[in-house]
Amino acid sequence: MKLMEGSEAIADAAIAAGCKFFAGYPMTPFTELLEHFARRLPDSGGVCVNAESELEAVGMAWGALAVGERAATGSTGQGLSLMQESFSEITLAELPLVIFNMARGQQDYFQSTRGGGHGDYRHIVLAPMDIGEAVAHTQLAFHLADKWRTPVLVYGDYLLAHVQEAVDVTPLEFEPLPAKDWAVDGTLSGTGDSRIVSPLGFDKAGRPSEGIEHHLRAIVEKQDRIAAEEVRVESGFLDDAETVIVAFGPPGKFVRYVVNALRAEGEKIGYVRPITLWPFPYAAVAAASEGAERVGVFELCAGQMIDDVRLGVLGRAPVTFIGGISTDGSGFGVGPLLDVELIRERILALHHDEPMPPLPHNERQF
Amino acid sequence: MKLMEGSEAIADAAIAAGCKFFAGYPMTPFTELLEHFARRLPDSGGVCVNAESELEAVGMAWGALAVGERAATGSTGQGLSLMQESFSEITLAELPLVIFNMARGQQDYFQSTRGGGHGDYRHIVLAPMDIGEAVAHTQLAFHLADKWRTPVLVYGDYLLAHVQEAVDVTPLEFEPLPAKDWAVDGTLSGTGDSRIVSPLGFDKAGRPSEGIEHHLRAIVEKQDRIAAEEVRVESGFLDDAETVIVAFGPPGKFVRYVVNALRAEGEKIGYVRPITLWPFPYAAVAAASEGAERVGVFELCAGQMIDDVRLGVLGRAPVTFIGGISTDGSGFGVGPLLDVELIRERILALHHDEPMPPLPHNERQF
Amino acid sequence: MTNVEMRQVGKKLPELLLTQEHHMCPGCGEPLALRGYLEAITELGMASRAIGVAGIGCYTSFSMTMDVDLVQALHGRAPSVATGVKRMRPDSIVFTVQGDGDMVNEGLQEVLHTAARGENVTCILLNNGVFGETGGHMTATSVIGQRTKNSLEGRDAQYHGYPILIGDLISRLEGAAYVARGSVHNAGAVARTKRMFKRAFQAQERKEGFTFVEVLTMCPTGWFIPTLEGPDYMNDTLGEVHIMGELKVDGVVRTTEELHEENVRKAVEMEQALARGGIEDHHE
Amino acid sequence: MTNVEMRQVGKKLPELLLTQEHHMCPGCGEPLALRGYLEAITELGMASRAIGVAGIGCYTSFSMTMDVDLVQALHGRAPSVATGVKRMRPDSIVFTVQGDGDMVNEGLQEVLHTAARGENVTCILLNNGVFGETGGHMTATSVIGQRTKNSLEGRDAQYHGYPILIGDLISRLEGAAYVARGSVHNAGAVARTKRMFKRAFQAQERKEGFTFVEVLTMCPTGWFIPTLEGPDYMNDTLGEVHIMGELKVDGVVRTTEELHEENVRKAVEMEQALARGGIEDHHE
Amino acid sequence: MSDTPTETECLLTGIGGQGVQLCAQVLARGAVIEGKHVMLFGVYAGAMRGMNTDATLAIGDGPLLSPPLLSHTGSAIAMHDKFWRPIASKLRDGALILVNDGTFETPLDSDRYRVVRVPATDRATDLGHAMGGSMVMAGAYAAIAGVVSLDALIAGMRESIPSYRTQHIDANVVTLTDWFTWGSEQLEPIGAGS
Amino acid sequence: MSDTPTETECLLTGIGGQGVQLCAQVLARGAVIEGKHVMLFGVYAGAMRGMNTDATLAIGDGPLLSPPLLSHTGSAIAMHDKFWRPIASKLRDGALILVNDGTFETPLDSDRYRVVRVPATDRATDLGHAMGGSMVMAGAYAAIAGVVSLDALIAGMRESIPSYRTQHIDANVVTLTDWFTWGSEQLEPIGAGS
Amino acid sequence: MSAKGSVTIDVEVCKGCELCIDACPPRVLTMSTPVNHLGYHYPELSDGCTGCAACQLICPDFVFEVFRAPRGAGA
Amino acid sequence: MSAKGSVTIDVEVCKGCELCIDACPPRVLTMSTPVNHLGYHYPELSDGCTGCAACQLICPDFVFEVFRAPRGAGA
């Protein structure tokens, strides 16, 4: 056991999963993840480039992936906004990019799950609730990315990045994967069998390739298969729950903690914690809402996942938003709403059909 | 009446609306819009900069807006992906940017309506179905942007950009707008009352300003008001409709044309054509689905607006996707699915609960 | 104590400041550059036409404290924003305030394209060779051997590559009319840098094209050294590579040799001036 | 008709081509550059280690026709992609193929940062001074007076600003080991440019740092002139500003004067060679 | 509705560079000059050079009701048959088809269609004189389909020529006139699209 | 659950630069060395310098159940009272509070809390010696709250010092020892958080 | 006189740009009157080719194969 | 001797960086033993100030006001 902040644990987990390349550009609260990769990768035979910008970082990772290595990049949602063109197109290029969003809250849900970029692409989104899960999800991310040849985003936040815990990182086992017979490394140049890794949907001249329309459809069909196979979700106390609370990530851990306590006090409340944000656990949410009288959604933003919750519930029960925007004075950190007592109040208010208490204000600091 | 391609008509409409600045970077099928602005703006006392990249284009527009002028930028969805950081932050800076997406299809619906960037922001999205409407929407876009101090995106496509029609551009009248008492022009420097235009939520030192958290909440509250006031939608033949088809933009015009014809043949089919994609006409869709037996969604993509349609219908009737990905060989242009006969077949198949005919394939061209 | 017979020398605070307070670290060089361009604007009588465009870095807090109409840009984007401002308000004096991370990393092509286009704006670079704001990491201007958070033993060319001498690059662009590199590591340099700001703003006024003033600033926090060592450390590391002086005047590029000579001369003059007891012209 | 006693001179097609067909316009200069670097790779025996990274422009169609392992990058991003490739496969020969719009507009900072970092990759620029693919608009390299879609009367400095001489800028970066600017406006230039490709690849092989070969190419379509006028038009416009020659060899920057002299000498040699009836070394 | 007799639709097809778009422009602008309602849509295969280039032209006396893409048409102009297939499937029985005699080899059922072979091989297919081809076809079609008068056609041509090509205007006037006349001599104007 | 006696929680607060985070580090690493489960979370006000810096520390014998932010706590360390308010509201009755005698002026209800004023004014508040302050408080708290032994504390300190600051290690050992002893002399270890 | 050099011309892939015409030092290439299947005129060789390969070097469509007589051979 | 120059020192805004100490040519500034409300030491002026303003120019926190005796005045 070693005292590590989440950023360090995640970097170690990535390296344990065989990540050989990382590139990123500093931005709070992502900076420390970059620092840990920079410190650790060289020792494990990898390379970390302190890229001059986010756009260059994702480009470098693109290159490392194209030759068949495991590679990742990341930033906060703001920096990832700059990478949206690349995320959309790299999905079409079918490269297994792993992306870390050390977000400044939960307001990047749409960006992550709807594809902030152009086009029909979606990529897998894993949302760990604490450092332990982050260590597992990071390794899973690299596996799923290779399994499906699609980007996988790990949605972290200020807490995951900065909380320190005594942990140790143990490598996980996954089902075997096929060889990367699509990767380029130069050895096929001049043989007539040279390869191309491209988002454009064209193969080398003379090889059967049905063009961009067919390629776009094939990607979407793959995404449908992922949606069917890769849903992950945790839930608790649903059987006789009158009230169901849906929350993800670290706030999901707070909610789970509160629901546990309320159950101990006999309140008929359950929870659903989506672990994959895409594919979203629509079925689980639908099932949870079956018998329930009300569904509450707790997000640290204006309410984005609530769309997916509604799409799962589809009118079976009223869906109420009980979260809200909450940040510290800098806008990067943890706001006052992320508080066990306040979350408890809000869940009980919903449960007893009482008016929602007003959101707390953080004390101005500038 | 003058024969103009859509791009030319839109540029003329923007100038008629008082647009004084445009910056963009070429990309099919947006290129011609940029060309027309470059040709026309100087004569009307404006400036068009052929920016060196999309990121620089949106930055230039940001500056022009900050001093209080009407300004716009645009690209295709791919280029707009690069502007996502700016779109998100300029919404927080409350600058009235008008954005033209001369899209390569309808697959940028999520990017436009969910906010491809980070954070909770949304901006208004207008989706004209033809050149005549595009001329009106372009002028409306500048008005709404100023009215709400928020970006407005006009969603066009290859057809709107390139179809030529004999049209004339007549300036429209709108309700009066307040003076831009927030803009900066240098005259207040050194007076103690200097201003700052910023996305960060801080005012000049010594002035009351409640910080970023408060600012983010205020923006979201404004967005809620917009959502309540600015919904625009067209529908037809809904009264006794057994089948309701939802479609937007030029494909919406095709659908309307087909539904008209089918009605003439006595088929109980109606349509809803969202004109604002955000705010989405949930109420209209809900009402339309009330008596209906089925709702069909026709989009030229893998299906994105269908999420919003489902959120409107909320289980009242089954919602089926009858559109699909369809492009020409280059991926920029018009695919084979955009065809009156094929759309008619698909609507009828849905209407008679028959299996959907397979999607047409475009003939490979490379 | 003030002294009746004595006249005041200089001003305690630049007039264009709304508050004296700032949250910069002890020994930070950025407020010194701030003093320089604010006083330059005031003394040139351009205050009521000045529009600033700020990048994102520690200096961003100046956006709130300067009494100047200001547009806050995103990280790296200030030059394009300034372009839009100037194109719409050609008679205003438009300047950006950016750091090396903002300008030479994230937004390198913004400033180069703006310079090549010959936009009539003045870009100001506060170059401390680190991302101060995010904790002192190396930037594209960090010099070989410089201490930064990810090069505590000094930047290594093999591993991290070489610094970009942005002023030198810009001076080679035809659209650039005036390019200078100042510093704030001693009183003389501060005074000299202020004159560079004035020349740049005057050239902008005359619509000569793009103008650029780079200022080497101390960042003891990002360099992980005591505040007191800042000035010398800066002069010996950054100062040795990013040579100070006017790199391009009236469109003519000057050689590194010319700059070196000049620097020696100026240094001597300054010593004498201070010994004589006064830098007459820093508040000319 | 083939002739038994005669020996074949050069090759009709570069070996590293999967098909002769390409969809470039008549008189386009890009396929000539393509021939140059493909033959250079073959003749240096580097074929089985070559990895190309392509930008987005007309030349993108070469991605499909070259018999070279290739990574298709997005517009402007090729240098960073090449960096990732090279860092993971240090023994391969990595090169980008980009246009002026791709490299000097959209991705200017990518190539500059890559060069400053001294990445061991070769960036190839096909510079025709226009966005050929999208219809012939002006780029950041279009020279004053050049015809483009948005400057049919010639580029105007006041309105559009000045061209960026990218090769010259890159040669000033310490991380750049070899920088050359060739052209394809006549047979001699084509042969000479091929030698530049070879020197660049050899320097990369020796891990000397960043290498760069710019090639001025004809774009009659984007220039709105008859194909036949392409070569002379190019030589008289682009060629007068983007001076051809080896701008930096073994890390040493050469002056414009040196380049001029050399160009005159080479031109004469070439005349003589052709008159003598043969460019011996173009297939050395 | 796109079938109302007051609307004439024409599909044009050929290989990039043959001036298909210019031909359509000349016809469209000519029609506008005559006060007609016009909708024109050109499709080039984006980045791919030397590929197909098509155009859809609708001319009507009143506002046009149909969307910009036609699924049925009463006439067509074919500069080349390389990309003819998709067009063929959209032709109504009795449709008027002008083909370029030299390069159009696909056999056409002349019982089903009214086929006019324009003997303008070199002119019409020589990419060096793309304009020539356009003018030949525009002139002939205008006359045969009877949608635009020669004067309007010439005026439309003047509007359609880019500033840097004005030196060709006089030659074009001649070509238009020649082939308009040639067209009139073929079969007396029977119109198209009905 | 966060109230189980086996978990000791401590909230630390002060002004940026005072070494609050270092103090928390030393205590946390010390505890890990003693085989305890530890969760530590530091909050600095992002970009804003000279602003508040807080830390949340939880030490337990078994796995920690609570989320990383505490709403109730049994002990606190206050280097400065500028940002004390939010902390105060989270203190349980009987909570142990170590405050910096020199800079902490806010009156504290000593019937409700067990307040220990650490007379380390200059040392603890002089930003020139941020480390000094951290060590003083860490030593005193470790002893008074009885969560970490002096040896573990010193080992924790060694782990916590960044490579470029190692020259201060010996001085820190002395300070920790002095103040651990000082702490032990105050009131016999009563523990905290219960 | 026996030729110093010669070329083969793959006329069907020629795009008629005429770059080879000016590039040929002895100017033994001239454009055809007929056009190829793409509709382009193409170069035709008359006597006097030196086998210098300039045409091959300048042709964007890789139309030429060049042959040269061994030194001394020919006239 | 009457002073050639003098300065006022706004000690409460000083952040103790000590840049002024080295900047002062006659070295008449020394750091205080006590600290200000922020906890920083600050400079104190001893005799011999020339009013050269170097301290003002180098101080990042704008602590100094500088005064100078008219030429000829003083000793």
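Going by the order they are written in, the chains are A, B, C, D, E, F, G and H; count residues from 1 in each one.
Everything that follows uses one rule, which is that a contact is a pair of C-beta atoms (placed from the backbone, for glycine too) under 8 Å apart; a residue touches a chain by one contact, two chains touch by 3 or more.
This structure is a prediction, so every number in the text was calculated from the model and none was measured.
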{"item": "Subunit E to subunit F, fewest steps along touching chains", "value": "3"}
{"item": "Pair with more cross-chain C-beta pairs in contact, given B-C and C-F", "value": "B-C"}
{"item": "Interchain centroid distance [CA atoms averaged], subunit B/subunit H, Å", "value": "61"}
{"item": "Chain centre separation in whole Å, for subunit H relative to subunit C (CA means)", "value": "25"}
{"item": "Distance from the mean Cα position of subunit C to that of subunit A, given in whole angstrom", "value": "40"}
{"item": "Distance between the centres, which are taken as Cα means, of subunit F and subunit B, whole angstrom", "value": "55"}
{"item": "For subunit G, residues that touch 2 or more chains besides their own", "value": "16, 40"}
{"item": "Junction residues of subunit D - those touching two or more other chains", "value": "21, 23-26, 60-61, 64, 105, 107-109, 113, 140, 160"}
{"item": "Subunit B residues counted as touching two or more neighbouring chains", "value": "28, 52-53, 85, 89, 200, 202, 328-331, 365-366"}
{"item": "Interface residues, subunit D side, partner subunit G - complex", "value": "1-3, 5-10, 12-14, 17, 20-22, 24-32, 35, 184, 186-187, 190-191, 220, 227-228, 230-231, 273-275, 277-279, 282-283"}
{"item": "Residues of subunit D defined as touching subunit B within the complex", "value": "23, 61, 64, 76, 105-108, 131, 134-135, 137-138, 140, 149-150, 160"}
{"item": "Touch list for subunit B against partner subunit D, complex", "value": "25-28, 31, 35, 38, 50, 52-54, 366"}
{"item": "Residues of subunit D touching subunit A in the complex", "value": "15-16, 18-19, 21, 41-42, 47-51, 53, 60, 63-74, 77-89, 92-93, 109-110, 113"}
{"item": "Touch list for subunit F against partner subunit A, complex", "value": "1-2, 28-29, 32, 36-43, 45-48, 51-52, 64-69, 71, 85-86"}
